[in-house]
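Please go over the structures that come below.
Heads up, the next two complexes both have chain A, just with different partners, chain B and then chain C.
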Partner chain A sequence: MQVAVQGLSKAFGETAVLHDINLLVPEGQFCALLGPSGSGKTTLLRIIAGLEFADLGRVLFDSTDVADRSARDRQVGFVFQHYALFRHMTIADNVAFGLQVRERKLRPAAPVIKRRVAELLELVQLADYGARYPDQLSGGQRQRVALARALAIEPRVLLLDEPFGALDARVRKDMRTWLRGLQTKLGLTSILVTHDQDEALELADSVAVMEHGHIIQCASPQAIYDQPATPAVYEFLGGANRLTCRVSNGQLFVGDALLGSLAAADDAAADLYVRAHDVELLPTAPGTGLQGELLRLTWGGGMTHAQVRLQSGDTLEVDVPPWSSQGHSWLVGQAVTVRLRRYGVFGSLAGAHPAAFVGI
Partner chain B sequence: MASLAQQRRTLPGFGLGLGVTITYLSLIVLLPLATMLLRSLGNGPAFWWQAVSSARVLAALRLSFGASMAAAAVDVIFGLIIAWVLVRYRFIGRRWFDALIDLPFALPTAVAGITLSALYAGNGWLGQYLEPWGIKVAFTRVGVFVALVFVALPFIVRTVQPVLQDLDKECEEAAATLGASRWQTFRQVLWPSLAPALLTGFTMALARAVGEYGSVIFIAGNLPRVSEIAPLLITIKLEQYDYVGAAAIGSAMLLLSFVLLLVLNLLQRRMLRVQR
Partner chain C sequence: MRALLIGVALAFIGLFLLLPLFVVFTEALRHGVLPYLAAIREPDAVSALLLSLKIVAIVVPINVTFGIFAAWTIAKFRFPGRSVLVSLIDLPFAVSPVISGLVYVLLLGSRGVLGPLLQDWDIQIIFALPGMVLATLFVTFPFVARELIALMEQQGNDEEYAARTLGAGGLQIFLRVTLPNIKWALLYGALLSAARALGEFGAVSVVSGHVRGYTNTLPLQVEILYNEYQFQAAFAVASLLALFALVTLVLKTVLEHRFGRELKTH
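Moving on, here comes the complex of A and B:
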């Protein structure tokens, strides 16, 4: 089923939490709503589920407007961050709940329910846990039970509200891979709310980045990562160095150093964003790149993190891969050259973001 | 037991703590109760039986326990609703209402009794409207019931409130997205958590109501065999210097209360075991 949100706005009292939201999730696609806390992403998900209602705008399931349908009648599978399992019921009863509460005409016969529960527990790899209680399970297992419970009603769309937020890092990673596999297998339209960029980029077919109640960019994970629409997206997706730069006669300067040519408005101040792993650290080589001094080195396992002070006065974080130094060791205080391999430039005038992306 | 006490603990003091507990409970609870029991049998078991099985005493015991159970039961229903409203909704004056709940705790019971009888007397604010309908509250058994409803209410509200506060709202939302109706959500998701607390509240309300004296005697009219409660009968016996007779009724009340509390506790334990 396709989910469409059109012109949706919502305020809690005086505080507006969503402004004119438009979103389209095609059938079978996995969409992630990514944003910091307070960006309105959870409220949007709850409105789609019918747990909250919008002041303005429409929510369409395929082509039916579901605005006045309660959560009960929307047939959505909702997975909560803190599982929301029924503690006094066994795992099997939890999973069966959605079928058990159906009115008699629509309720499957007891043996059918039992078989369905067994299938679902098999699907979430908890076949032997049916007789246990939620308190006896680990966080990851509980979330899988919550998922099985949501899937039991054969939902038309799966909504996940920070489903891995309460799990520790390793379990989270396993669950992520596993969930993506399951979603592809079931072909179920899914919407995930998260503040974890890795999770969004790895899981989703499309990512909607939200801030202050707006969707500031909605695109494929790769497009979001490679061509962030605004500095905010850059900063939200793993952070980036910001350098003040200047465009003059179609040339881009950082301080006095010429970086390259750029087709943009002339004589404009601009911001340049570059991620730490898109910067190359070289021994001094005059004329090729930006000159600076090595301020600090921190060993970080795979990458060494270097901090460089440029001649322009800006400091730059650089990730140095272990194979790049070619036997030569870096010393704090030495003069270095950095080359920016991939970066984005944004006009710093308020509101105007003539973005340009340069990649080598 | 010994190994339990000998284990090293972060906070020491098991021995001392247990000692204080046993001494204190013996001194404050066990000793007076034992004295009363002994006293009640002072003139032999036959006298005890005679004192307890007279028609007047039986009627008083029946009224005391019957009205208490009825009052506690009614308070369970309305106490749950009140606690629900206070926990779940935000409205002007909520804190004020919340503070009001404790008033029956704090009020001297005689004050409550006088106020209630003034309200419900034939010419009182409420009584004058009830009387034409043939509903007599003051100076009847209904009056006893009304007074007990008043004093027992806080016990229900205050035991259910924290449980309601701890309920996970997401569980109700989960039930809704799974297609459950409001009633199904209440019955299958909320009730199993609420029931043990309600039973605790019922037990405490009942215990309080059975022992209630001050608020009841003013409104009850205290007609022997009709609207006379057991605690009052004890006072009457005492005023007649019939100490053994008073102690006999007291011990009978103690016995009945003990059996009731035991049954309620067993019931609760079973309830908690069913839901682990």
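Moving on, here comes the complex of A and C:
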């Protein structure tokens, strides 16, 4: 089923939490809502589920407006960050709940429910755990039970609210891979809320980055990463160096150094964003990049982190892969040249952000 | 040092809790078993016992019902005036029971604000069972509500939301999700309020009018017997209250044991 959100706004009292949200999740796609806490992503998910209601705008399941349907009738599978398992019920009873509360004529017969529960527990790899209670399971297992419980009602869309937020790092990674496999297998339209960029980029077909109640960019993970729409998206996806630059007659300068040509930009100051791993560190080679001085070196496992003071006065964080030094060792204080392999330029005129991206 | 502290604690408990309990039973049985049985079979004593039980039977279900409503409202919703409501629930703990009894007399007695109206309708509240029930309700209301509010706030709303997305209706959510989660706390609160209702003296004393055989509860009967120098009979009736207290204590301990395990499940 396709989920569409159109012109949605919501305020809690005086505080506006969502502004004119538009979102389209096509049938079978996995969409991630990515943003810091307070960005409105969970509220948006709860409105789609029918646990909250919008002040303005529509939520469409396929072409049906579900505005006047409560969560009870929307047939959505909702997975909560803290599992929300029924603590006094066995795992099997938890999974069976959605079927058992149906009105009599829609309720499957007891043996059918039992078989369905067994299938679902098999699906989430917890076949032998039916008789246990939630407090006897680990966090990862509980979240799989919550998923089985949500799937029991044959939901038309799966909504996941920070589902791995309470799990430790390794379990989270395993669960991520497993969930994506399951979602692909079931072909179930899914929306995930997360503040973890790795999770969003790895899991989703499309990522909607949210900030202050707006969707600031919605695109494929690759496009989000390679062509962030605003500096905020850069900041949010793991951060980047910001350099002050100047565009003049179609040429891009950092300080006095010419970086390259840039089409469709006015003569103006602009901001250049470049990620630490998109910068190449070289021994001094005049004329081929930006000149600077090596300020600091920190060994960080796979990468060495270098800090370079440019002639323009900006400092630049650089990730140096172990194989790039080609036999010579870096010394703090030495003169170096950096090349920017891939970066984005944002004009700062009048708050607009016409962006240009350059990749070498 | 540790031994000293434990010794002091034990001596204190012995002196102020166990010794009085011991005295109650020895005084009650001072003249043997037969006078003891005679004292508690005496018609006024029996009617006092029945009245006390009747009040408990009326008050506890009301407390349970309204306690659930109050706790549900306070724990699951945010609304203006919520903190005022929380303070109001604690009010009976802060007010002297005698005062609360007196308020009912001033409000509903024959010379009270609503007295003439009630007389016109021929309704007797003060110096009758309804007044005693009201006074007891006022004093015992916080027990259930307070137990539940703490637990329900800690449990949050997620389970109810989950049930809703799974297709459950309001009543189903309450009966299948909320109630099972609070049942031990509910029982615990009900037990405490029953114990308090049985033992309440001040508030009930003011509104009862002490009509022997009609509006005397067990504690009031003890007082009357004692004032009439019938010490053995007074202690015999008091021993009934002490027995109820002991049973309550045992049940409470069992529940706390059970309840503690339930609380761990989150």
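The rule is simple: the second predicted complex is superposed on the first by the 356 of 360 C-alpha atoms of A that agree within 3 Å, B and C clash if a C-alpha of one lies under 4 Å from a C-alpha of the other, contacts with A are read in each partner's own complex, and residues count from 1 in each chain.
By definition in this document, contacts are C-beta pairs under 8 Å (C-beta built on N, C-alpha and C of every residue); 3 or more make two chains touch, one makes a residue touch a chain.
Everything numeric here is computed off the predicted structure, so don't read it as measured data.
Engineer: Put chain B and chain C onto chain A via the superposition and say whether they clash or fit.
Structural biologist: Superposition check on chain A flags a clash between chain B and chain C.
Engineer: So, does A:134 touch the first partner chain B, the second partner chain C, both, or neither?
Structural biologist: second
Engineer: Figure out whether A:40 sits in contact with chain B (first) or chain C (second), or with both, or with neither.
Structural biologist: Once the two structures are laid over each other on A, A:40 reaches no partner at all.
Engineer: Tell me which partner A:213 touches in the superposition: chain B (first), chain C (second), both or neither.
Structural biologist: neither
Engineer: Applying the touch criterion given at the start, work out whether A:344 contacts chain B, chain C, both or neither, answering first, second, both or neither.
Structural biologist: neither
Engineer: For chain A, which residues lie in the overlap of the chain B contacts and the chain C contacts?
Structural biologist: Of chain A, residues 49-51, 70-78, 80, 82, 84-88, 97-98, 101-102, 133, 135, 146, 149-150, 152-153 contact chain B in one complex and chain C in the other.
Engineer: Give the list of chain A residues in touch with chain C in this complex.
Structural biologist: Against chain C, chain A makes touches at 49-51, 70-78, 80, 82, 84-89, 97-98, 101-102, 133-135, 146, 149-150, 152-153.
Engineer: Within their complex, state which residues of chain C touch chain A.
Structural biologist: The touching residues are 158-159, 161-169, 172, 176-177, 180-181, 262, 264-266.
Engineer: Report the residues of chain A in contact with chain B in the complex, numbered from low to high.
Structural biologist: Those residues of chain A that touch chain B are 49-51, 70-78, 80, 82, 84-88, 97-98, 101-102, 133, 135, 146, 149-150, 152-153.
Engineer: Within the complex, which stretch of chain B touches chain A?
Structural biologist: 168, 170-171, 173-181, 184, 188-189, 192-193, 275-276
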